[in-house]
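Each of the next two complexes has chain A plus one other chain: chain B in the first, chain C in the second.
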Partner chain A sequence: MKSLLQRKVVRALIVVWTLTVLLFLYMPMMAVVMASFTKQRYFRFPVNAWDTRWYEKAFESLSVRDLFWTSFSVALLVTILSVVLAFFGALAFARYDWKGRKMYQRIILLPIFFPQAVLGLALLLWFSSLGITTSWHTAVFAHMIWILPIVTLIMSIQVYSFDPVWEEAAYDLGASRLQVLREITLPILSPGIISGAVFAFLLSWGNFPLSLFTTGADQTIPEWLYSKMVSGYTPMVPTLGSLTMGGAAGFLLIAFLIVLAVRRLRAGKPD
Partner chain B sequence: MKSFSDWIRQPGLLNAVPVGLFLLVGFAGPLVLVLLYSFMPPKTFTLNQVPTLENYLSVVTQSYYISFGWSLMLAVITVALLLVITYPIAYGMTKLFNRWATLITILVALPLLISENIRLFGWVLLLLKNGVIDGSLQYLLGVSLSGLLYTVPAVVLGLVYVYLPFMLFPLVIGMSMVPDSLKEAASDLGASRLQIFWEVELPLSMPGILIGSLLVFILSLGSLAESKILGGQVIVMIADDIESAFTFAQNWPKGSVLSVLLITLSLVIIFFLFRNIDLDRLVGRR
Partner chain C sequence: MNEVPLGFLELRGVTKQFGEFTALDDVNLSISEGEFFTLVGPSGSGKTTLIRILVGMDSPTSGDIALRGDVINDVPANRRPTCMVFQNLALFPHKTVGQNVEFAMKIAGVAASTRRERALELLELLRLPADFYSKRINQCSGGERQRIALARALAFDPEILFFDEPLSALDFRLRKTLEKELKDIHRETGKTFVYITHSLEEAMVMSDRIGILNHGKLIQIGSPDDIYNRPLNKFVAQFMGEVNTLAVDKAGTGKVKDSTTGSMYEITESGQEFESGFMIIRPEVMKIGNAADALPNRIQGVLFNDYALGSRIQYQVRSADGENHWLVERLQDDPFSGNAGEPVTIGWRAEDSILVPS
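On to the complex of A and B.
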């Protein structure tokens, strides 16, 4: 009897602890959103006056628009290029058994766990030694060193569950290579491709350490936020921070809805 | 493998070529360059000088051991704290929460998609003088706790906060590999709860614990934003020193030496990590 009570107490404690840690994870983000709606120039708590004027200013500002487009262009290009390259990378990772695969899998993982700030500086050195002027184009390249392996890994999870028998059956029925790719391989792997793309976009959108050293005269939103946090604080910091978080959340929601719609469409279509 | 021409025609290898080439140019290339620069005379910007060990000697004799020491110490503290913080949650996720575990996984993973800058800035707002914590205490109790920000504990808090998922997820995977039947068997044989924990659960979930710890360790070791945003000037971590050598001091060879040291340390840990994981099993759950 005593041990049953004990077990219940332990259980309750673990639940409370988990909820506390979840709160801990989200508290800072809530604080940023709260600060973005305050009226004062400098944040004080408790907040005594609310206002949306920093948002109005952000939407009017041309420099904010530039920041947005730079971040967006980088993230979009990183997404497209990473997904295309990672598609083949994932097939090599999980679909085929080949001599050298174990080695390849490990090499793929290396950049993910590599200190990003050091990678960014090494790339800066690399670009200037090759005589390449850094701009947001070089940042696309830099982001991909880190994001391409992650996307490859995510797509591989899907590839592992892919049964090559489907491809073989299609070949036997006389399908061409391109037809098999379009009708069999891509549709079956599409969930992996979509989640890979979502991760690629959001990780690039929020990346700071790689952008810091590789964007040259251009600036992404996380870089701008950092420069204002370290010196020259403006109340636009929480506002732009909230807008980037909102953007990420919106993107995630849209991606989720698309996946849902595609799934429903497919379920309704008789094969 | 019969011959080179057979090896090169494997479909898997052909598919690996795009990613492989990309990483060769974008990852291996820069690292080799950093290694080469570390042997160049101080403050030079070309590679055609006579190689020298001067930078290595100067780094060893100068006070860089301080920033290395801070980084190592904070990484160890972060790992220890995260083990204690995430172990009960991982236990709950594998044994108690059932359906809810998926939701918790998503909730823990989501913040990873938000720039760490913004999340750390949230902590600035919480810890600031007259910020959320200080302000609430003043309002409710009349006491002020204004010296929270720009301290070493604030940096540790930032590291723990940012790298929590990297400890939790490996722990969950590790723990889900411990079969319940083993614990029941131990219990039937008269083992106490503590004994079961020490002799069954802990050793069997060790791979997860090891992977999580090593991951968090290398990530914290090379971190930059946490000490800059939450620490202010209170400590200098190694990534900070590397950055200033490359940027303000314009001393590429010195920055390269420091990078080489940090990279070597990280690589040793990563290779140790690789010896302990089977990717096909971990990713594919085969």
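On to the complex of A and C.
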């Protein structure tokens, strides 16, 4: 038996340790947020004069609006395309046994392990030799090469726990293939689909190395952040950085609320 | 039990081949409307393949399946007026009990209020309280899930209800209760039930008729009484449980000769041709001690051991010539007072010998 004092010490240590970890994780991000509220032109810490004018500027600026729409369009398109493709891909390799299935599994995962900068450069070379002008459209393709395997992997975890006999039972009870998909397969796999979509969006939203090589004349928010860091820093950089983080957090919150609502709807009334 | 015209569900020469392997070999079967028919076979006998073909989830390599005279080989499962209670039940985990039961009606486009009414009726029929309607599947026990699965299948209002060993995962007592309940439900609904199982005992409790399947072949079809008392071969006779089996040859009218020892035994002529094969005597018709003295077929042996089987006690007797072990069973409240190692006489009546070809 441990003494009361020992237990108290242990608990205090756990609290201290947890707080330290949280501090290291979130302090840099907090610093960025603080820097965005500064009055000064240059980055200084601690901040001693506060102001919100950089946010006003950001919301007024047309170029910021462009950046936002480019990033958002890329992320949205990547999300939709990778969720659809990954859904069928995950069904194919987590559910059916076919020749070359193991090979497919490995090949599709391979791009995750390539350095993204190398992948981006390779794609740029490939695009130019094919005569394709790079723009945010090509960036969608580039993002998908890296994001699709991850989404497939996330979804396949859900598919592994899916018993195909549920589909057979529904089919046997008179449902058409489409009704089986709508009533059984999609609802049961929906947690995997939603988490896949969340990952797809956030990974694309924050991606820098692939965008750098493949957006051409278009620019996403991470690209703009980097270019302004290199030359021409203004507090607009931490402002836009904070807004990007806020956007991601907001997106996560919305996804969480959707999941919660779906769960409540299901448990509540009969359909 | 049921006096109905034959040929409701008809199988003609149904054969299923998986590459070189023949899973079903020329199965011919006719099931009547309202019948409780059970297909029994050991694992690998082809019973699961057969039921998948009957439900429409697989198709035969050759042969026909006809329902009310119409060949339904190419009708897919969702267009057949039949449905199945699956081995693992396949209850939809994301739907409530009510939604599970109502599924087929929802697909058929039945109004929500009618669906609910019917679902509650079915829950009542299956002795589930009405508050189960809004429960989640993972809140229900094994026995409750069985009943929900049955309710869901009945809600489809099938012409034939198939069962793929749905009770095999349950413990002994619950299985016994549900077997009887299933028989009651069959009588109350009047539907045709086709059940598959590996347990002949389970089949005996519930069925009007039983079909024995082995290596893809239908070996014997008959009433539980036929299967038990008039097995067509050694496999069927031994499938029920432990029996005394002796290789014998015909040796004149009313007599057979033990193929190895040459001992003679009396039998009752059944009019059936018999040259050589096996003589089967069930342990519960065997007599031991004084009760065996006056019987025509007697064997001298040594009591080897006794085993309590619950309602009965089983005695193992080693024959004096050391060739065979014999099993004798007596009711638990009428035990035999002998000790292991003592000599005993065992015997049976001529009419209790069952002869099957080898």
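The working rule: the second predicted complex is superposed on the first by the 251 of 271 C-alpha atoms of A that agree within 3 Å, B and C clash if a C-alpha of one lies under 4 Å from a C-alpha of the other, contacts with A are read in each partner's own complex, and residues count from 1 in each chain.
Here is the rule we go by: a contact is a pair of C-beta atoms (placed from the backbone, for glycine too) under 8 Å apart; a residue touches a chain by one contact, two chains touch by 3 or more.
This one's a predicted model, so the numbers in the text were calculated from it and none came from an experiment.
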Side-by-side fit of chain B and chain C on chain A, or clash: fit
Which of chain B and chain C A:181 touches, first, second, both or neither: neither
Contacts of A:222 with chain B and chain C, given as first, second, both or neither: first
Touched partner set for A:76, first chain B, second chain C, both or neither: neither
Which superposed partner A:27 touches (first chain B, second chain C, both, neither): first
Which of chain B and chain C A:207 touches, first, second, both or neither: first
More chain A residues in contact - chain B or chain C: B
Partner chain(s) touched by A:86 [first = chain B, second = chain C, both, neither]: first
Which of chain B and chain C A:248 touches, first, second, both or neither: first
CA minimum distance (chain B, chain C), superposed complexes, angstrom: 9
Overlap of chain C and chain B interfaces on chain A (superposed complexes): none
Residue ranges of chain A in contact with chain C within the complex: 163, 165-166, 168-176, 179, 183-184, 187-188, 266-267, 270-271
Touching residues (chain side chain C, partner chain A) in the complex: 55-57, 76-79, 83-84, 86, 88, 90, 92-96, 98-99, 102-104, 106-108, 112, 116, 133-134, 136, 152-153, 156
Contacting residues of chain B [partner chain A, same complex]: 1, 7, 10-20, 22-23, 26-27, 29-31, 33-34, 37, 47, 85-86, 88-89, 91-93, 96-97, 104, 107-108, 110-111, 113-126, 128, 130-132, 134-136, 139, 161, 164, 215, 218-219, 221-225, 228-229, 239, 242-243, 246, 252, 255-256, 259, 262-263, 266, 270, 273-274, 279-280, 283-286
Touch list for chain A against partner chain B, complex: 11, 13-15, 17-18, 21-22, 24-32, 34-35, 43-46, 85-86, 88-89, 91-102, 104-111, 113-119, 121-126, 129, 141-142, 144-145, 148-149, 152-153, 156-157, 160-161, 199, 202-203, 205-209, 213, 221-222, 225-226, 229-230, 237-238, 241, 244-245, 248, 252
